[in-house]
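There are two complexes below, and they share chain A, which is joined by chain B in the first and by chain C in the second.
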Partner chain A sequence: MAEIKVDVRGESCPVPLVETRKALKKAVSGDIIEITGTNPASRKEIPMAADALSVKIISDEQTAEAWTIRLQK
Partner chain B sequence: MTDKATIVFHSGDMDKLYSALIIANGALSMGMEASLYLTFWGLERLKKAGLYKGPLSKKNMLGLGKLMILKRIKKNNVASLDRLLADYKELGGRIIACEMTMDLMGIKPKDLREDVIDEYGAVGTYIREARDSSITLFI
Partner chain C sequence: MADKNYYMDNAAATRLDEAVLEAMTPYFFECYSVATSEFGYSLGLEAKAAMEQARGSLAKQLGASPDEFIFTSGSTESSNLALKGVAKALGNKKGRHIIVSKIEDFPVLHSAKTLEKQGFKVDYLDVDADGLISTDQLKGLLGPETILVSVQHANQEIGTIQNIEEIGAICRQQGALFHTDATHTFKRVPINVQKMPADLITVSAHTIHGPKGIGGLYVRKGTPIAKIMDGGFHEFDLRAGMENIPGAVGFAKAAELVTDEENNRLRDMRDTIIASVLKSIPNVTLNGHPKNRTPQNANITFHHVEGESITLHLDLYGISVSTGSACFSRSLEGSHVISAIGGDHERVHGSLRFTLGRYNTMEETAFVVETLESIVKQLRIISPLGKS
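Now for the complex of A and B:
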């Protein structure tokens, strides 16, 4: 199982969503994808995409500077 | 019904190309298929080096409005049209160019970005795509 990090800090819609999808496409079943970003809309939408793609959301955290969402394929 | 988005890009306006590509990328990102059907002024955007050549749909002001929006796009770190198009293709998005309007407007396949066009077709091709789509838009 690999852990893939996607850094989309400073990027706005739709880049965080698109980069998440690209990482998910490359990942194999069981891989963890960790996305870190700053765009507020994307934080809401990445879990929506995960639901649509039947991908598990492991965690979703917000710090002062950024949010981090961890998904498992 | 296939989970698919089919978008007719007719206007050729720069801002509307942003909308079309963002929606299409969003659909792909959320696990749908996507087809972009280019006709009339939309074809002009896929001429070589034509991506940014469209006017703004509103407040273009002879290009002044467009310059202001481009400045704000840069400032807000919004993705470039080139990047959105590359992402669209990477995620498996399809591009269809309308043959009838190509003839009408005197556009030859060699005038277009053939590297990103999957198919040349007419209205039947659009209907084939659209009848299986849960999202269809005319932009």
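Now for the complex of A and C:
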């Protein structure tokens, strides 16, 4: 089981979703994809994508500097 | 990603029809030689006969003679040859003035820009909110120096069909040649050169379930045009390069397979998408002419949300559509077509193009509209452009 990190801090829509899609395509079943970003709309868009693809959201956390979403394929 | 694909980007490329592949296959493995003259070997004669049969069939579809149909590598080459070939033939004899519309696809627009750099004067016709050019503006720009007018038959993004008969007649009256890019209308909208006063017509196989890499240019008998690529004497000495015989055979087969019944089916699906979206999703605008549009095209702006975002989310459900033309989808640049019909920044970036083909079904349109409704609703809530 691999862990793929996607750093999209400073990027705005649609880049975080594009990078998340890229990582999800590369991942195999069971892999963890950790996306870290700063764009507020993307934080809401990525769970939408997870829902569409039936990918599990493990966590969704916000710090002062960034948000981090962990998905499991 | 998604299990099933709902492909609605048929203006960019179409799925090859199996019957087309079947028609092409012998010309890869059995009759694979170059086309030869009657003094050559038998295999080459067979190849030549197949190519000429394909040429005859395609010419017939346009109401033309076989020697008026030039095979090319596709629309881009056809339009390059039309514009640059006429400019080369007439630039030092008749004049150096060319007129094109502002919403032409890149092969015409960029050929015009290249000719401008070479000293030709190019005028760009405006279009109205539906994407139609003004024949009055055209009449005002035409002069004794005008060698060529190029106005597309239908637009690649918004599907608007121009009044080609009237435009061609005006050009003929003024002594200017007329080229039309029919990439998105060939076999979808009737074209007959006996009635349509066009001197040059660009067509392609890739939009009608034919192979990629083969197209054609109709050149009316007597049209002054010079070859733009050096090499051999192929295609009536207008287009050098080894003939793509499997492609030519496939193109002819693809054209033969398109029926009026299919076009009516595409029109019904197009109308269903447009009517359902306008009914179920608020704040949307239909782009292009409400009636005079290609049967396969629906182009809609979803206000307060970015087109690229919708495209990405639709893709997660297996739905393939594009924002503007295929080229824009690759570059993320705004659409020059939506801009020319008066669209603001939001509309330029928020339009989606649905283009239908043989393999789409009415059930698919229902799924696409339903998915779209849900995505747009959610994106409007979270988008910085959103007005939830």
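Operating definition for what follows: the second predicted complex is superposed on the first by the 73 of 73 C-alpha atoms of A that agree within 3 Å, B and C clash if a C-alpha of one lies under 4 Å from a C-alpha of the other, contacts with A are read in each partner's own complex, and residues count from 1 in each chain.
Convention: contacts are C-beta pairs under 8 Å (C-beta built on N, C-alpha and C of every residue); 3 or more make two chains touch, one makes a residue touch a chain.
It should be emphasised that the depicted structure is a prediction, and the values quoted were computed from it without experimental measurement.
Trainee: Using the superposition on chain A, tell me whether chain B and chain C clash or fit.
Mentor: Overlaying the two structures gives a clash between chain B and chain C.
Trainee: Applying the touch criterion given at the start, work out whether A:R21 contacts chain B, chain C, both or neither, answering first, second, both or neither.
Mentor: both
Trainee: Per the contact definition in the header, classify A:C13: touching chain B only (first), chain C only (second), both, or neither.
Mentor: both
Trainee: Would you check which partner chain A:A49 touches, where first means chain B only, second means chain C only, and both and neither mean what they say?
Mentor: Once the two structures are laid over each other on A, A:A49 reaches both partners.
Trainee: If you stack the two complexes on chain A, which partner ends up touching A:K5: first (chain B), second (chain C), both, or neither?
Mentor: After superposing on A, A:K5 lies clear of both chain B and chain C.
Trainee: After the overlay on chain A, which stretch of chain C ends up in the same space as chain B: 6-14, 60-68, 114-122 or 132-140?
Mentor: Answer for the clashing stretch of chain C: 6-14.
Trainee: So which positions on chain A get touched by both chain B and chain C?
Mentor: In the superposed arrangement, which is not itself an observed complex, chain A uses residues 13-14, 17-18, 21, 25, 48-49, 52-53 for both chain B and chain C.
Trainee: Which residues of chain A touch chain B in their complex?
Mentor: The contact residues of chain A facing chain B are 10-15, 17-18, 20-22, 25, 48-49, 52-53.
Trainee: Contact residues on chain B for chain A in the complex?
Mentor: 22, 25-26, 28-31, 76-79, 83-84, 87, 90-91
Trainee: Touching chain A in the complex: which residues of chain C?
Mentor: The contact residues of chain C facing chain A are 1-2, 306, 308-309, 312-313, 315-317, 375, 378-379, 381-384.
Trainee: Considering the complex alone, what residue numbers of chain A touch chain C?
Mentor: 13-14, 17-18, 21, 24-25, 41, 44-45, 48-49, 52-53
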